[in-house]
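In what follows, structures are represented as structure tokens.
Note that chain A is present in both complexes that follow, paired respectively with chain B and with chain C.
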Partner chain A sequence: MSPKATAKDDEPLPQSWVVWALGAVAVGFVALLVIAGLALLQSHHPVCNTNFPARRGDYPTYVYVFAAIAMFALGSLTSSAGIRRNRRSQKMLGEGPWTNPTAVVNVNLAVAIFLFLVTILMLIEAWTLGHGVWPITYYVRCSMNAGAFITLVGVASYAFLIGRWMWVFKE
Partner chain B sequence: MYPNLQVWLVALVGLGLILALVVADVFFLRTFWQPIGRWVEAWARRFPVLAFLLAAVLGLLIGHFYWSTPAPCPVGAQGQVLQAGTDRDCVPPRATPPTDT
Partner chain C sequence: MARRRTGSGSKPGPRKDNEPLWLEWLEQRPVGAIGAGVVVAGWLVLLLLYARHVWSLEVTFFVAVALLTFVLSCLSAYAALVQARGAKPNEVLRLPESWKDFENYFRWLTPVAFIFGLIFAHYFWH
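Moving on to the complex of A and B:
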């Protein structure tokens, strides 16, 4: 039996409506990006204070923090409920259905690329702080001032994904 | 100088990463029969400490970017509080108590 067939047999695939819903979310993100890009690049005014961006936008800062915590917990709950309902395997990478060597390499590579990206961004942040240039944090605050709702959606999405993927338990 | 282009870059990286995950999801579904999320869950079960650290770093970043305690408002030369224009959520500095005379 090939590794592909093993993974297919042991793990029920997501239902089709889930795939369509995720596709719709992806289209929504593309639309948000286009709308934000058009609004930002065609604007003749800066979208925030160019001396020092405000620390909060239209929503208080605790809205972002509690939304992130709530979505983190929700992500974990939806993941564990799906595992119980579908009696999905909770084996580790390299065991059971998760043994396809190419897939294992791809997953590890994706995590490494993500960590590399975060490291690069932190190095840029450190360099800018040391050279009197606006750090990335200021641009993030500026984007929070420019589009509070889009920022909230982005934060909540990341927190949901982290909770769903990282807050997992072994069998 | 307008920061609009850089702000759009922030949005591009932030939302673009999620879009990259969607593309990766399609690739994993077609090639390995399972969405990338389930492979990452298996990775997190294999490396729980790394998964915890990764989640902690991302949580720290969210807190760093979005959770700011209000700073004291700047005070002008005549002692007036300069609240407008800089920090929308700054707090006026506390008045010093009168000294006993």
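Moving on to the complex of A and C:
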């Protein structure tokens, strides 16, 4: 145990309200997806230009870029704040409460699956760009044209989760 | 039941009877260094393809990112596999001793990659 470690470090993690809050947000997203899906299904006209979706929607593109960066940082900060609030020291995977081998394997598998999905998305983007088919970028632009606010919420949420799960500082 | 695991080509130990030979072989190799080599070699090939106008800049960029994430995914899957067979997390894919001093800087790789990727990919907003 390092000198900075506290006795609490080896105790199991308490049930946190954050889990419930994130669960509620997840349910909210599912509801939002259903509403957006229904709106698309019931729409009698294309929701954006089907040949070349416009680059700009209701908000300038830098709003999305900086919102994503800000939420990424916020995700990391909330993660660190939770650790400090519980008066624990930041532990590496495999130390303190994270010693359970199943947890260690699951975390690494989850990262592997996530990165593999990103790989597939990148290859789809590259293939579509090279073959004159709508790339993923166009679907994002179409979404931005059809519902700027919902798209911004989606971008910000994704960045928040990535920041929270994948950028954890060890003090 | 923790025992030797490396992934970086050191600390060989006794082989477990039910362990596949290929896994045993792999554990004695510098897996992380091989992964880094594959990425660098792949990027050089992609650079060549772009320079010879085989692929456009956009296609080359996304294939380069795909190669990086694929190799990282394989390394993570490898870590999960050897940890499932009893390795401790800090025994898998260890940094070489000479790199230990830079370990604190590596924690900045995730945000730098995210922000760089976001801004640079945004360039391809067409």
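Please note the rule applied: the second predicted complex is superposed on the first by the 149 of 171 C-alpha atoms of A that agree within 3 Å, B and C clash if a C-alpha of one lies under 4 Å from a C-alpha of the other, contacts with A are read in each partner's own complex, and residues count from 1 in each chain.
One rule holds for everything that comes next: a contact is a pair of C-beta atoms (placed from the backbone, for glycine too) under 8 Å apart; a residue touches a chain by one contact, two chains touch by 3 or more.
It should be emphasised that the depicted structure is a prediction, and the values quoted were computed from it without experimental measurement.
Colleague: Following the superposition defined at the top, how do chain B and chain C come out on chain A, clash or fit?
Modeller: clash
Colleague: By the touch definition at the top of the document, which applies to A:R55: first (chain B), second (chain C), both, or neither?
Modeller: Both partners, chain B and chain C.
Colleague: Have a look at where A:L109 lands relative to chain B and chain C in the superposition and call it first, second, both or neither.
Modeller: In the superposition, A:L109 contacts chain C only.
Colleague: By residue count, which of the two partners contacts chain A more extensively, chain B or chain C?
Modeller: Counting contacted residues of chain A, the larger count belongs to B.
Colleague: Should A:A146 be classified as contacting the first partner (chain B), the second (chain C), both, or neither?
Modeller: Only chain B; A:A146 stays clear of chain C.
Colleague: State whether A:F29 touches chain B only (first), chain C only (second), both chains, or neither.
Modeller: A:F29 sits against chain B, while chain C stays out of touch.
Colleague: Regarding the shared-chain residue A:T137, is it in contact with chain B (first), chain C (second), both, or neither?
Modeller: Touch partners of A:T137: chain B and chain C.
Colleague: With both complexes superposed on chain A, which partner does A:P46 reach: first (chain B), second (chain C), both or neither?
Modeller: first
Colleague: Quick check on my understanding: which residues of chain A belong to both its chain B contact set and its chain C contact set?
Modeller: In chain A, positions 55, 61, 65, 68, 72, 92-94, 108, 111, 115, 118, 137, 141, 159, 162, 166-167, 169-170 sit in both the chain B and chain C interfaces.
Colleague: Note which residues of chain A are touching chain C in the complex, please.
Modeller: Where chain A meets chain C, its residues are 55, 61, 65, 68-69, 72-73, 76, 92-94, 101, 104-105, 108-109, 111-113, 115-116, 118-119, 122-123, 125-126, 129-130, 137, 141, 159, 162-163, 166-167, 169-170.
Colleague: Residues of chain A touching chain B in their complex?
Modeller: Of all residues in chain A, those touching chain B are 4, 7-8, 11, 13-14, 19, 22-23, 26, 29-30, 32-33, 36-37, 40-41, 43, 45-56, 60-62, 64-65, 68, 72, 79, 88, 90-95, 97-98, 100, 102-103, 106-108, 110-111, 115, 118, 134, 136-144, 146-147, 150-151, 154-155, 157-159, 161-162, 164-170.
Colleague: Quick one: which bits of chain C touch chain A in the complex? Just the residue numbers, please.
Modeller: Interface residues on the chain C side: 55-56, 58-59, 62-63, 65-66, 69-70, 72-74, 76-77, 79-80, 83-84, 86, 88-90, 107, 110-111, 114-115, 118-119, 122, 124-126.
Colleague: So in the complex, which bits of chain B are touching chain A?
Modeller: 1-12, 14-16, 18-19, 21-22, 24-25, 28-29, 31-48, 50-52, 54-55, 57-59, 61-68, 70-71, 85-89
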